[in-house]
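Next up is a structure, given as structure tokens.
A, B, C, D, E and F are the chain letters, set down in written order, and residue numbers restart from 1 in every chain.
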């Protein structure tokens, strides 16, 4: 099988903080350092979403990236861009707003919509800064 | 005169919103769109600070960029990184947290410390995203 | 005056070739080399458009970059993206499709629309590749 | 085994369009949108080619990247750079000029030349734009 | 298992040359070309270190990247930055200073310190230039 | 006059150290810190050279960037790439190998060759790292 992996990059700018409500303020500041700033801070997040499949003979596409971009705009950019990850996003409520948790929850948001159009989500890369990023390939 | 311009890049991650307190909520949302999100959003800001001068014969330096970096860490990165530009920064209080106002206020913060070590601030570039940035060269 | 320069980046992908119709095929290939390929080649162009002004006290904006982006989408991206610069663009007809001529013609397309909303175009940077780019600041 | 993967990046600028000759014009425009522009458009393609192997004790190399670069210049850059992917490239004739098909055909062009010098092609990444790219690791 | 891969980028600037002491000068220059320049040359190296694990429920972290950064600064940046890879680095003595050997030796330096804090090193990417880089995932 | 500025980027990898032979070892280490490492360190330098002129009517070029690239390869890349800036470069002998001095000396090397083909050098930008760079526009 000639499996090709195609990737679409999208971006969103969001505020967040790292804070565990079961902990004292002191412990939060000790563990999360400046990421626990009570008044939030933020990032230009960059997400790369990879689809796995064989190119269709009539289009040469594994997946039409215009369709993938539309799914990502609806399920990732619209709910996260210019938002507060801790306060404004229903599916992040009560969860740690770390890159690791965010990438898993984004996977959960886009897996079905991508499957519904007949495609297979392979992996996600999520950049928080130019120095820190995460990859996720679903449950192993 | 052999004037050389040397530049140091630093980065900081901050939350902000665009909001004019003299306006109604409606007008703020109308003018600033998603940038007016009440719960904030944020960016990976990137700042490039340029010094103008002649290289000293004994060092070959216009300015030791280790010294410039130290000044920027004290006067820009420390007060802004992992902070809320509207709430946490004394010298941004009561001011619009736009890239334009921020770059002018950063100029005001670093002009004297750079002058005090005998150097001349020439210009600042401030990236809010990969698509939006500002340049400032002082009052003209 | 506290003049700030704000810049918006946009992108478009286009085909072109360098060809002077007053010259023989031989001379075109000699002068333009592989850029004269009869069946065209293409680029991911990247344009940076810079506006000059004083931030307005009520918005903190020199220019609302959403407005600038809209002007650029209408006057630059829409007519050039996924087009052939030599064949598909009315205002490039009969002109050399070099980066230099293209940047001047883009200036001519956006100067008035930007002026009409009360702003001042300062400069344009146009990247043809990561190694080759041009800047234009209007007639001097 | 201490397997190291080494990668060489090369670039080429090409024109193409997405067009299925078995379809009506209407269907082509409907499916491929602006990518079906009859007069072509183009891209700055960026290719990353990865070799897999153990470093040789006497050179510390898995593969001399000067040799890999030479193979890529002969088999990828020379035939594709400043060309029309649909018209000028013998081994793309009659095939869809999508990133997916192009990356498979590039694999077919370079697999044997790399094998002939005793090395093993592991994977290819091909960027069409900063937002769209593909990876291919051969038939699975 | 919800395995997430998190990556930290660090940078160091070093001098090196490629030279096999068992060979004649002629053979060294023939094999390594300009990389064998007797008076050295150098690079801005960029290293990406990837950790594999499940996010902890109380922090949302696979690994605190501040801890990873500290390990990398101690075991990679401190010994390599502004150094000569052939002369100044005890654990590179007598080894070829190729990207391939360097990435294996860096793995050996950081595997245990990362294990000691309860985390699992997954892979390393090491950029020598924007065109040449290596990946290593340990012995296979 | 429709003045356009066109820029060509080139790259070279070199070793250097900052060291003033009129000073004691102690003073050199005190002033230059890790940049004074006796066994050298190195960088991937990136140079952007800008030409100023009016596009010629028959070519649309201010300057053929193939010609500029050839001049830069002969006068900058060839003498500096994979070299030691302090030891291997005749026109850097006895001079501080700082970015500031290097950019001035590169200006001196390329000004005449560019003038000889009828073009005007406007400016040079020289990146030492992604965080440190210099600009030079000739004697003012």
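Note that a contact is a pair of C-beta atoms (placed from the backbone, for glycine too) under 8 Å apart; a residue touches a chain by one contact, two chains touch by 3 or more.
Small disclaimer: the values here were computed from a predicted structure and weren't measured.
Q: Counting one step per pair of touching chains, how few steps separate chain B from chain D?
A: Counted as steps through touching chains, the separation is 2.
Q: Which chains are in contact with both chain C and chain F?
A: B
Q: Using C-alpha centres only, name the chain that sits farthest from chain C.
A: Farthest from chain C by mean C-alpha position: E.
Q: Please pick, from A-B, C-F or E-F, the pair whose interface repeats that of B-C, with more than half of the contact pairs identical by residue number.
A: Duplicate interface of B-C: C-F.
Q: Could you state the distance in Å from the CA-based centre of chain A to that of chain C?
A: Computed from C-alpha means, the inter-chain centre distance equals 34 Å.
Q: Whole-Å distance, chain C centre to chain D centre, using C-alpha means?
A: 29
Q: Using mean CA coordinates as chain centres, what's the gap between chain A and chain F in Å?
A: Result: the chain centres lie 42 Å from each other.
Q: Of all the residues in chain C, which ones touch at least 2 other chains?
A: Where chain C meets two or more other chains at a single residue, that happens at 130.
Q: Can the chain contact pattern be summarised as a line, a ring, a star, a complete graph, or none of these (other)?
A: Topology of touching chains reads as other, fitting no named class.
Q: Using the touch rule from the top of the page, what pairs of chains touch, sorted by label?
A: Every pair of chains in contact is listed here: A-B, A-D, A-E, B-C, B-F, C-D, C-F, D-E, E-F.
Q: Over in the complex, which chain A residues touch chain D? Could you list them?
A: 1-10, 50, 55, 58-62, 64-66
Q: Using the touch definition up top, name the residues of chain F that touch chain E in the complex.
A: Residues in contact with chain E: 11, 13-16, 34-35, 37, 39-44, 81-84, 87-88, 129-130.
Q: Which residues of chain C touch chain F in the complex?
A: 18, 20, 22-23, 31-33, 95-101, 103-104, 130-137, 139-140
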